[in-house]
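Sending over a structure as structure tokens; questions will come in a sec.
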Amino acid sequence: MNLVNFAYGLLLLLAAFVFQTTLTGINRKVVARLQRRRGPKFYQQFIDIFKALSKGSTTHGWVFDFGVIMALGGIMATAIFIPFGPLKAVPGMDNIFIIAYVLAVGMLGMAMSASGSGNPWASIGVSRALTNMLAYDIPFMMVVFGLIFAFDSSSLSGLAAIQREGGLLGWNVLRFPLGGIVAMISLQGMLGKKPFDSFIAPAEIASGPMVEYGGRHLGMLFLLHEYSTFIEVSLIVHLFFGGGATVLEFMVKYAVIYTFLNLVSNVLPRFKIDQAVTFFYKVPLAMAVVQTFLIIFLGMGVA
Amino acid sequence: MNSTNKLVEEIRQRFEIIDVIHPDDQQVILDIDKMHLHTLLSHLKADGFRQLSLLSAVDWIKDNIFELVYIVFNWDTGVHVLARVKLPRDNPRFRTITPIYPGAQYYERDVHEFFGIEFEGNPMSYKPLFLELWDEMPPMRKDFDPEAYSREKFPERVYVPHFVPKVEVIE
Amino acid sequence: MTFDIVVILMFLGAFSAYLISKASLKAGAYATTVFSLGALAVLLMGRSEIGSEFSVLFMNFEVTVIGWYFSGVMVLVYAMTSFFNSFWMDKMMYPGSYNFLYLFSLAGTLGLFFASDLITLFIFWEVVVWSSTFIIPMGKSRRAAVVYYTISSIGSMATLYGIMLVYRISGTLVIQEAFVPLKEDPLTATVVFVIFVMAGLTKIGIFPFHIWLPLAHGSAPHTFSPVLSGGLVKMGAFIAYMSVAILPAYEAFEGSLKIMGIPLQLYFLMILGAISIVLGTLMAIKQEDAKKLIAYSSVANGGYILIGILMMDQLSFAGSMMHLFNHAIASAAAFLAIAVVAYRTGTTKISELGGMIHRMPLTYLTYLIAIISLAGIPPMGGFVSKWLIIQGLADRGLMFMALAAFFGSIGSFLYVFRPLAAVFLGQLKPEHEHLKSEPLMMKIPMVILMVLILYFGVLPKWLLGIIGEIQVAAGIEPVMMSGNTILAVNGVLNTLNVFMIFGFGFLISLIIFLLMQKSRRVGLMDTYTSAEFIYTPELYHYAGAFYAPFERLYQNHPSVEKFLGAIAWKFHELGTVVNALFFSHKPAVTVFWTSVILVMITLGGAGI
Amino acid sequence: MVNPVLLIALPLLLAFVSIVFKAYKNNLLVFGTLLNAGLVLTLNKGQYIIGGFQPPFGINLVLDDFALTGILIINGLFLVITLMSLEKLEGFASVLLVALAGLNGLVLTGDLFNLFVFLEITAITAYILSSASKEYRYAFNYLVLGTLGSGLYLFGLIVLYAVFGTLNMADLSVKMAAVDASQLVLPSLLIFIGLAVEVKILPFNGWVKGVYSGTNSLVGPLFASVYAAGMLFVFGRIFAQVIPLGTYLRTSLVVLGALTLLAGEVAALSKTRIREILLYSSIGQSGLIAALFLSGLVFVAVMQLVNNALSKAILFTVAGQMADSTGTDEGEELQGAFLEHKIAGVGFTIAALSLIGLPLFYGFISKMNLLFGIFYSDNYWLPVVILLGTVIEGTYMVRLLVKLWTPGDEGIVSEKAFATERPLTIQSSKVMGIVVLSVVLLIGGLLPAVIQDNLTDSGSLLDEVTPAYLFDLKGGQ
Amino acid sequence: MTTNAKDVRKTWEKIADYFRAHSIWMKWYCTGCGAIEMPPTMTSRFDMERLGMGPMATPRQADVLLITGYLSAKTLRRVIYSYEQMQDPKYVVGFGSCTLNGGIYFDSYATMTRLDHYLPVDLYIAGCMPRPEAIMNSFDTLIKMIEKGEAKGWKHYQENHEWYRRNQLHSLKEVYVKDEFHE
């Protein structure tokens, strides 16, 4: 660890921001086309974020501010760990468990800040978000567990490299199709897209955790959202789609997956929170357990 | 005309009904002396009219009376019964029906607030329900002038005529 | 030679604390602090004397690395909690006895960890059990003490049977030698192992023996809950360690059926541990009382510790040992934070509290750091230990344990967040408007614990070094470290780097925050209410049934409490039946039974 | 050189004197018990022949270690209990003196018929004492069952005499050993039942419930510790030394003892009145001790007996005193009773913990020893029963203690305000007695050698039936 | 010096105003009848998102307070409360004749007749009801106004707060009322 790493990390953060925000904008356009609208400009997301940052804001006490800073800080730190294709700011730190747990700092900060506003909608939203997390994370972690056992590595780039050795068929999504499906469903939950978006339901609980945010706080939350999307989609790209030997390859894979999930999201209604939990525990978790069982006990797809 | 007829017959036997109107098969309007209203409603409720659909008032300012309107509904037969009683317009007071229909509490508050009719035995009815900080005469009384009130409370937009059209008469 | 003095001194200290309490209650409470801090100092200084042996009366002791480690954890928790004792002196029913039993149980645990023969071990085990049994009813529940005692004594009586059996077979009670002959005899070894480890299970609160834990932890005096949860529970881990490491289970069960390289007996226990994790998590999520909530989290964390110990490998075992420490200090810190709240407000019910952060920010911070560690989020200590455990599980491919571990890990976000949101954040109730901040003496232990939690999360090297020694002593490969990097089979973890990148993230985030327009401070009640005017903070606080949709999914769960309660009730009924059958006021009944016995035995005897 | 017959004769004499000088009878009782206690310390072991005929024909007293321990316990506890509750004598002084004589005779005698006589004397005093509770129905019940037991005992005796022509214990044991044990099932069983009524073995103990549950602070401890100890010593004497049991009978009777233990503990668990709890606990303990005697583990049986006698003396004194002064011994009514009586409370707690067998108290040492003993006799099921009994016993004892120390409903922090309002008084004489007894229990637990050394002797005579398992206190090796 | 500083600030503001103009998040206060005109404006026929407009859940997040239809005295209090919860800079759009002059309810005892008396309205959309075309047209105007920095209603409200407050109190007696449901 030296200054170069930090500078590198900062650059990666910037790149991730630009990339993901542009992609979000493009996706808004794609969704609009899906709904036969023209849609906003592809840089609309940038405008939204910068506008939010430029506005005045209110605060409900130090924990409201601190939580947001902690959340964005934690998520940014996580984003630094994520390899951007072949680029890594800090070598040897892309351990999947580290990322999974570091990601939680951001979640916790956000949840803390939201509850700190004193608004019960926020607390309800947080309660739903956490319940949702308990639902989608376990099947995902289970599949990841199987992968780690199969390849004796918990490094993102390491796992990606192993897949690339096998060419297209080496991709884990093809080797372990059940696990791949589980991961995609879980990713949908992680991103908070329909049908798993009940925690920000604007019409029921006034956008849940975000209810009290305005101005710079809201802007930072948007940044946070972009980064966490980047982290989560990157995880899947690395774990199941062979990562990226080049930056371009990574970006293409990333964009395709993200757009696909967005399209899926836009044709689905919304689950109630308990329905989401039941669904995740019935279908993806069962699939994940079967997949892991196949990997560990039968060695299917490993060799 | 069968079920309602029977009902009306029965009621006629028991109560002094001033007038009965049948606007419809399933609807009966009873004008009744205010002395008998409570017994009538109790009877109706026991008879299956479990729902108080509405309690409202009409201001007959020329006759100097308030008319209270009670609509009860029977879910089994689908019959509406509308009972009307008349009250003097000065110092209007009436007994509450909350012991019979507890839900009448809010209707009585409503009527009290908008007409100034007092319901004895319902202390809650003196609390305001809809109008916040109302300080004038109850607004639904016919002698209340809403326009004057509006003028005083809510300043109107004053339009300056920028353009006066010329009217030409064409022979 | 320092350790015998510590053990004896602690016993004497207990008596002197009682006497001092007679003179002045506060002084007595401070005496507990002084004695436990003294013990901590001696322990830390006497590390070089590990391996020394000594005897007191008829009891024999030997200081082992693991004993030293466990007693260090225990004394640390006791010492930190003892700062709080003085605040409850005037509220306690028997303050003098409390101080006495407090130090007495500490002395008992020290004796337990240093015991070199099984009888000594058992003596101190029971000493701790009964001394803590009498502290618990000073809190909110009498039943808790009875349940605690009963469950503990089921475990300890089973252990006693095991001790006797071992002695019968090997003819010795010295811990290191007594188990040796068992290796030859897997069947007896299984019996001994199961009944021996039962004491550990009861104490850690592993399913189905967990029922005492929430009851006792949740309703013990506020100053004793941290000790129970952070300290005494770890005695169970010690017994579990002994059963696995000293027996040694892996050698004794070499020939039995193995699942993923784990002998069936151990695998079964691991399943119990996994059930405890899931069950503790689920139950913690639905608790309405902050203390009970943390108590159930202790059940879940006990599961982690047990699984790790049973693994007896390089990673999970180290993780488990470290988790033991981390959980001890984190759960003590959490309980202490709740104790502060209880001290100021008089309640621990989540729905009766709210907005405490505005009155006691340091307590909030303590609780925050404690729960971050409990939930295993970096950069706190809990992360390192959970990471190690899960790496070990991944290495072995124990998928069901891992499933439970993941569930517990993520579930812990849910339950630890709940008091955070509902007790410390949210609306401040009007009646708490004028609460004072926490007293200085309460701040001291909280700050120390916070620093420790953070320190061992960032620089765990020293701690892992000791754990490495334990592993060497237990005959397994020690956990590897290079610099600040922990080297696991499947990956590496550099905690310092994680921390630094964190700092970097925070810095950027802070810069963004500061660059933008200043915020306007508004009150807690000035929030989005769908434009409705509200004036009642206590109603505008989301605290009860926090995870209602999720709780609904398992509200009709089968309950082992009810099952065990039914068993207890059956004993009760049996007593009534016995009473009705044999203990009659009519002599005729006795005469009848007499003739029955006479006939039966005589005829039976004639038959032979 | 004091003849132990004085232990029997002096109290008897004093009893007659006390009938004449009624005004001084309480003083005479104190004098007699003090005298006896003093005499015990001066006794020498040996055989004492009464009346000049040599055994096996004459009457003799056997003062071996076993008997010495017995009379030490009996006279010591008798003294302490009497001194503690002098105010409860109510004219029973003469009876008590007779009882003392009878109990000493029971333990000392070397002749089965003599034993019967003393058994009757003791039983009669017990019937009289049990009427102190004014519940004559229960006393009568006791009388009936006691008589039944004595009758069966006598019947067994007759059979033995008809077969062997002797009633001298030492002689009989030699002669009986020569016969196949299975042929002696009937007389052994009859004698067993006869004694079992007094020793409270299931199912011959129907009287206990009525008699014990109404006892006051004098009669309760007397029954539960002194009488029980005396009867158990006799039981041990006969079944561990005199009558050899066949495997079948031994096993059946041990099972009966174990069942008594379980039944007693379970029944105690379902009770809420303090004296009822204690009386069922007494039954359980008697079953345990009887089972140990029957298994031939005399030494540990004596240890456990001592523990039980000491603990029960304290427990029944306090419980009886509670009932006497407050009018109830319902646990619920007496919440927080120890709040104002801490010393008595600590004594009660120590006694209860010792009874459960928790460390630092004497009960732990005896429990350890008895477990070692049983394991060394290769009996692996009895320890399970005993430990199960211990768990149950601990549960109800802790339940009781918690209630008596910390008042308050569930979910409320214990406070003084919730304590019982009934006026509980405990006289200082009782408190002193309790302190003395609990200090003995503590010393026994911390420095077991003090009691151990005395008891070891009582076992040494019985080496042939006591396996060499002695719990070496220097590390248990 | 001061002018310089003002210039720098102005540049910054200009950029910010550009963002604000092209990202208009609205809080719809739709207790009146006009809400029905919003869905067609949102959906594919008119697609307001292409101008960067969109509805928001809470006033904290919103830039524009869109008040459709009449306002009774009771709702006016809530509107004022909502407006004060919004973050600067914020804009108010009065939608329909009722906000403009009371519309057909000009003589009602319960509805106020002109919104700008109580809140700084940046833009009115006349009509009963205004059709989506009118809405789109007027928002186009609003975007231009913001871009040029002309939509200064929020500043006006700050500077003339006394005046607004006096009007509010005259019509409403109290803005922040208590009612039984939140006692």
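A, B, C, D and E label the chains in the order they appear, each numbered from 1.
Keep this in mind: a contact is a pair of C-beta atoms (placed from the backbone, for glycine too) under 8 Å apart; a residue touches a chain by one contact, two chains touch by 3 or more.
Keep in mind that what you see is a predicted model, and the values were worked out from it rather than measured.
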item	value
Other chains in touch with both subunit A and subunit B	E
Each chain counted as touching subunit C and subunit E at once	A
Core chain by centroid distance, with centroids computed from Cα atoms only	C
Maximum inter-chain contact count - chain pair	A-C
Centroid spacing, where centroids are CA-atom means, of subunit B and subunit E in whole angstrom	38
Centroid distance [mean C-alpha coordinates] between subunit E and subunit D, Å	94
Interchain centroid distance [CA atoms averaged], subunit C/subunit D, Å	42
In subunit E, residues with contacts to at least two other chains	58, 60, 77, 85, 177, 179
Junction residues of subunit A - those touching two or more other chains	54-58, 206, 211-212, 215
Chain-chain contacts as defined at top	A-C, A-E, B-E, C-D, C-E
Subunit C-facing residues of subunit A, complex	1, 6, 9-10, 13, 53-63, 65, 68-70, 72-78, 80-81, 90, 92-93, 95-98, 101-102, 104-105, 107-108, 111-112, 115-121, 123-124, 126-128, 130-131, 133-134, 137-138, 141-142, 145-146, 148-149, 152-155, 206, 211-212, 215-217, 219-220, 223, 272-274, 277-278, 289, 292-293, 296
List of subunit C residues in touch with subunit D within their complex	55, 57-58, 60, 91, 93-94, 117-119, 122-124, 126-127, 129-130, 133-134, 137-143, 145-146, 149-150, 153-154, 157-158, 160-161, 164-165, 167-168, 171-174, 219, 571-576, 578-579, 581-587, 589-591, 593-594, 596-598, 601-602, 604-606, 608
Contact set on subunit D toward subunit C in their complex	137-138, 141, 144-145, 148, 152, 182, 185-186, 189-190, 193, 202-210, 246, 248-249, 252, 256, 263, 266-271, 339, 353, 358-360, 364, 368, 371-372, 375-376, 380, 383-384, 387-388, 390-392, 394-395, 398-399, 401-403, 405-406, 408, 410-416, 446-448, 473-477
Contacting residues of subunit E [partner subunit A, same complex]	16, 19-20, 22-23, 25, 43-44, 47, 49-52, 55-58, 60-61, 63, 85-89
Interface residues, subunit C side, partner subunit A - complex	260, 355, 357-358, 361, 364, 368, 372, 375-378, 383, 386-387, 390-391, 393-395, 397, 399, 402-403, 406-407, 410-411, 413-414, 417, 420-422, 425-427, 485, 489-494, 496-498, 500-502, 504-510, 512-513, 516-517, 519-530, 537, 540-542, 546-550, 552-553
